[in-house]
Amino acid sequence: MTGKLFIQLLVNGISIGAVYALIAVGFALVFSVLKFSNFSFGGTISACAFIGFFFQKAFNQPPYWITVLVSSVAGVLIALTVDLLGFNRIRKKNSPKIYYFLSSVVFAIMIEQILTVFYGTQMYAFPSIFATTTLQIGGITFSKLDMTILAIAISLLVILIIIIDKTKLGLAIRAVAINSNTSRLMGINSSVIIVLTFAIAGFLGGITGVMLGQKYSVYASLGPSMMLKGFIASVIGGLGSLGGAIVAAILLGVVEIFATFVFGAEIVPIVLFGIMLIFLLVRPQGIAGRIAEEKA
Amino acid sequence: MSNVVLKTEGISKSFGGVKAVQQFSMELHEHEIKGIIGPNGAGKTTIFNLLSHIILPDEGKIFLLGEDIENKSQEEVAQMGLSRTFQSIRLFAGLNVLDNVKVGLDNEGKYNLFDAMFLTPRRWKEEKRIHNAAMECLTMLNLEKYKDYRSNNLPYGIQRRVEIARAIVSRPKILLLDEPAAGLLPEEVFELIDFIRLIKEKFELSIIVIEHRMDLIMNLCSEILVQDFGKTIACGTPKELQCDPRVLAAYLGEEE
Amino acid sequence: MALLEIRGLNVYYGNIRAIHGIDLDIEEGEITAIIGSNGAGKTTILKAISGMVNRNDSIKFDGVPLSMKPHKVIKKSRICHVPEGRQIFAGLTVEENLLLGAYNNNNKKEIKQLLEEQYDLFPRLRERKNQDAGTLSGGEQQMLAICRGLMSKPRVLLLDEPSLGLAPIIVTEVMKTIQNIRDKGITVVLVEQNAKKSLSICDYAYVVENGRIKLSGTGKEMLNNPEVVEAYLGAACE
Amino acid sequence: MNNYQIGLTILSCVSVITVTGVYALTGLCGMFSLGQAAFMCIGAYGTFMLTRYAGIPLIPAALLGVLAGVIVAWVVGRLTLKLRRDYFALMTVALGQAIPSLVVVFSEYTNGALGFTKIPKVNGLIWITLGITVLVVFCIRNLKYSRYGRMCLALKTDELAAKSFGINVYKLKVKIYILASAIACIAGILFALRNRYIDNTQFNWALSAEMQIFLFFGGSNSLTGAVVSAFVLKMLPNILRNVQLFGVSMQEYRIILYCILVLIILNFRPAGIMGEHELNFRWVSRLTAKIKNASGRNGGKA
Amino acid sequence: GGQANTGGQTGTDQPSQAPSQSQGTQKDLEPIKLGNIQDLTGSASEAGVANAWGVEYAVKMINSQGGINGRMIELYTEDCKNDATEALNAYRKLVDEIGIHALIGPPLSNSAATWKELVEEDQIPCVGHFMDESCTTDENGNVYKYMFLAEPGCIQQSYSIAKFALEKLGIKTAGVLYNTANAFAVAHAKPFMDYINAKGGKIVVEETFSWSDADYSAQAAKVAAANPDAVFLSDYAAQAKLCYQQLREAGYKGIILGANTLALPFPTLVDGEIYDLYFLQNVDMFSEGTDCYDLLQAFFKENPDSTYPKVNACFGYDAVMVMADAMRRAKDPTDGAEVQALLEQTKDVPTSSGPITIDPKTHRPVGMPMYIATYDENNNVKIVDKIFVSEDALK
């Protein structure tokens, strides 16, 4: 492997890692507050990709950012609907966490199925945003789209981290994540914060949907197929930790690209399985998580 | 002097900066009831957790029936004959009272997975034995009328007693009781005192009990350890301690 | 008229009735103590006031019915509940915990001043303001929980077992603080297992048993009540 | 019954068998696995590669196939069951992806994506399947009412307390995981015998998720519920195959309908259809009494 | 009648195909029950729905011309959802519940593979477009007696594009990039490599991916690094689109070859410019006057939403034509064994793709050409060559 190729692969790995990061952060956000892995997120991403596409088509190619905005608003609405129909009653009834998980899996299947039934017969692709798709810098090829996605992902993540770490809203989200009941005593409307968290995740899902739809084409299993990677990244990062999820997602992207290059694509799931196994055995709390020990 | 069944030599445990237990040494004799008292957070429950090997000591040794338990797991310590209850009730909510008590015996049940699935005669025989032993225990403790109740639907005091029943059904040598009287009304406390005396005789137990209810401690224990900030600040018979100024200052409080 | 007027309060946990039609009056500017054995329903009464459990419409604050939503109770009526078992936010720093106490306050200047007040109250917290609150010792956590409550500039402070897990010396300190708080004009409802201590500082006390009020009277009266002595003050040194 | 109905019945029985195993794992022990389909895959491929390439007769090959699953479950279980429960769930997801991809790696033998055929025809498969189904359900029912069942339920509610009664929680979990996986292997073999065609995409995580949905639909604390819902829900899409509603064919919407059904259950009866009830005589008699009661009351009003 | 109404519904909103005159003139003759299993929903429905249309169109036409020797065809369509188990359920239902006499299969090999052994037991002749050779012959070359393919198999198709690349484009080295988890892709990629290696070219790089992969940039980088003269992409359109794009992004500037999945709407999916791309076509859909052109006009008329021609419409039609021809020659068109024997003797049956002759040794057509197409600057399809190559070319 030449140095140039190495750097090229690294660039590719980081680009795909950025996509995983967007998904992983959506996961981690919901996990940190509600303590369950929201599988319906994959469906939300697919649905948003479709909505963005149809919007783009219906309004004869409006400026790109409007499409992204529409799609992310749609993402928020979908997330809120899923919360209302899938999680709200479970939360009210204080049912075990496993029901949230189950409910989200059912939603994942349902959204994918709805999209397949209504739109599965055709293939859809966004019109390209760039006339030429690549850029050469020092012999390394950069895909303009990938760079855009990377930039958007990083800026979104930075904004998100600032919101979470520096604002009052973020403080409230963190407090609810630690203990939603005590947060209510602080005058925080925990339900609103929980719904808001869903909304933020949905917003991310909307943006991710358009990005993914642009990069790959628009199809029903688009979100779900990427979702597992996001899920893995959020776990390796330490369940619920945003920073950890981002680091893990980028690492996952890079590892995946190199493993594919070296071993071939079929082995990658097995390599990933092995890496996860070793990782969890060595560091069960994830990159940034902490172990909550049970007190007798 | 009777045999020492449980002995600790200078065990310590810290959590981060908190020195929960420091240099704790003690001997428990056969048929003895020992009390541990001390303010909240003094490390009493932590001592129980160390003895039952739920957590491991940072230093020091624990001898159970003369054997060093350093390399034993929590399960093995339990199998050696040390049983305990928990400060907050930890009955198995999914099981009824009878099954809860049976769990205390299940690990020693002498039939395997195959017998269980294919209902071999061995399984019937053993199940019968387990059933009888559990029922015997419940009857002895006057709990048989609750046997089909879901454990979480029972009154608090009954739950406490079921917990004790579950802990002694496997005939352990040593029983650790963590605040058994918590949440009981004053009359119930006196019932509990008789109850503990009863099981001690019937099951030939050696008991350590943690309690904040002085009436229980003073009535039951032959010796009391007073813990504060992880250290043993006093040790003696109930009579001696009742007027010990250190104990008054740290735990019982000054009389006005 | 009492500041908080409770008439016929009922609380159910599922099918279990925890509070059986209780009447309570909490006078402005006083310390009202509630004592009782484990599981008597003391915590539940406080939770009913702050809206943490579903209850019937039986509480009036300043003559108007009190909201049943916790975030509204604290925002509109400035009733602050310092919950049992401290429940500080482990993972957040001491200062962040305090800021959460002033969540509904948007006046930055005032928040700053409130912070200073708390740090003056317990200088130990100032030393540790950037420490993860989860690593504080139990006593420090309790101080933090009380200060977090005071950050909301409450009219009524509901304290649930503030001396739990504290060394006797610190208990004395906390009790003194509670008296100071009262002297500032804040109404305090104090739930304690440590009956002797709480009875000696309170103005008025209720004894709860099995979800019902069993006795009530001024602190002094209660301390001398033989029933109370037998059941709650224990047979200490005679 | 014609062949078509027999085929569907076999398919439903296969789902009952797997869900019964999942019940032991999730319902009894509280371990959430999204990788049981991988064991179906191991059982099916293991067995029929042996019959095809090593010429081993079906029954010994099937035993070896199950053994392969047992070994994998043993290794994976030993490594992951000490981890926290959510990590275990995650690892099973990863396992569920890794095993089918092994099928592709060994395309030379498994025929990879083209699908594996030449699976021997077994006469009277329906009877064998029914027999195995009854046996498996019987065994797991017995398991529930044995010391193992109690210990599992104990460790599900409170691992720490379970340990303090001498229960080796870790070993017990490994045992049950192996048991559930062996059952999944058997289901996989029957599945292959029924279809006489297998490929890797059939054993993806959606199948594992389906098993969990069946379990929770019926009630994760009720074996009866799990068995009934596994059978009915597997059958349902095929019953709905040509049903028309308001002039629209339901065929395309059947999975959506079925998701809605599950969501309704999750929202309004989270304990599942059966809750914690098991089908036994006491329950049946109580139910009839209730019905009698209710009708009696209505009669009184009228 | 009535049974046809429920059985023949496909779930899509096409009108029912119940024969209108079955009772009137030919009272004594029972209709012929023809099964049709297609991917009406699921990820392959794009092809499946068009295929189903072709089948229905052909049946309608035959019935309106008086049926098969006076017997009407009753069509029963089932959905296999691109899922092997569903395919088998559909098959069992048609055979056991409806009692079909013959079966038209889907273009996807995985579904057809589930019943390739069963049709023999049930004596149901099956004609379809399952291109993978393993659906018609096993690995020892023995035919599955009741399975018949109505278009050139994967081997012949891949040979065609390989031959074109070697002879017309003059390539020396080639690479492949394909989906190992997709039967279609594997069945194309392997013969392509064989042909190139056997005929003086060299395969310098072989890269793969599978369904669960969503990104192929590592593979693309590797192919670009090897820089062969041409790269053969083998998978469905969605994946091929990404392969193409990422290959170009990785800096690969050479020729890209593809299977017929790179036909329209491929260019509408791709970001950026398309150049040096050659792909396979079964028919010339763009020249007026051909049978398939006319058929596709009918397709457009009945499906006004369609924006581009779908060769699958022709496939469905062709399969019915081949089946109908054998049935016409049969004494009893409902006798599976007889129809099977006659299908083996299929010779020059006119279809929309030209005359079909089936080789009894392989049950695959012989002598059918493949077309090579490319896209011009406006992304319009341009047929550039017509290749005749036999699947025995390397033997």
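So that you can tell them apart, the chains are marked A, B, C, D and E in the order they are listed, and the count of residues begins at 1 in each.
Heads up, the rule we're going with is that a contact is a pair of C-beta atoms (placed from the backbone, for glycine too) under 8 Å apart; a residue touches a chain by one contact, two chains touch by 3 or more.
All of these numbers come straight from a predicted model, not from anything done at the bench.
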| item | value |
| --- | --- |
| Longest centre-to-centre distance from chain C, chain (CA-based) | E |
| Pair with more cross-chain C-beta pairs in contact, given A-C and B-D | B-D |
| Separation of chain B from chain D, taking each centre as the mean of its C-alpha atoms, in whole Å | 41 |
| CA centroid of chain A to CA centroid of chain E, Å | 37 |
| Whole-Å gap between the CA centroids of chain A and chain D | 30 |
| Gap in Å, rounded to a whole number, between the CA centres of chain E and chain C | 76 |
| Shared interface positions of chain B, touching two or more other chains | 54, 86 |
| Sequence positions of chain D contacting 2 or more other chains | 97, 101, 104, 160, 252 |
| Chain A residues touching chain E - in the complex, by the definition given at the top | 2, 5, 8-9, 12-13, 15-16, 19, 116-117, 120-123, 125-126, 128, 130, 132-134, 136, 141, 143, 145-146, 214, 216-217, 219-222, 225-226, 228-229, 256-258, 260-261, 264-266, 268-269 |
| Chain D contact footprint on chain B (complex, rising order) | 52, 54, 73-76, 78-79, 83-84, 86, 90, 92-95, 99, 102-109, 111, 113, 115-119, 123, 126-127, 130, 166, 170 |
| Sites on chain C touched by chain A in the complex | 50-52, 69-71, 74-75, 80-81, 83, 87, 89-92, 96, 99-101, 103-104, 148, 152 |
| Contact set on chain A toward chain C in their complex | 168, 171-172, 174-175, 178-179, 181-190, 290 |
| Chain E - residues contacting chain A, complex | 41-43, 45-46, 49, 180, 207-215, 217-219, 221-222, 225, 237-238, 241-242, 245-246, 248-251, 265, 268-273 |
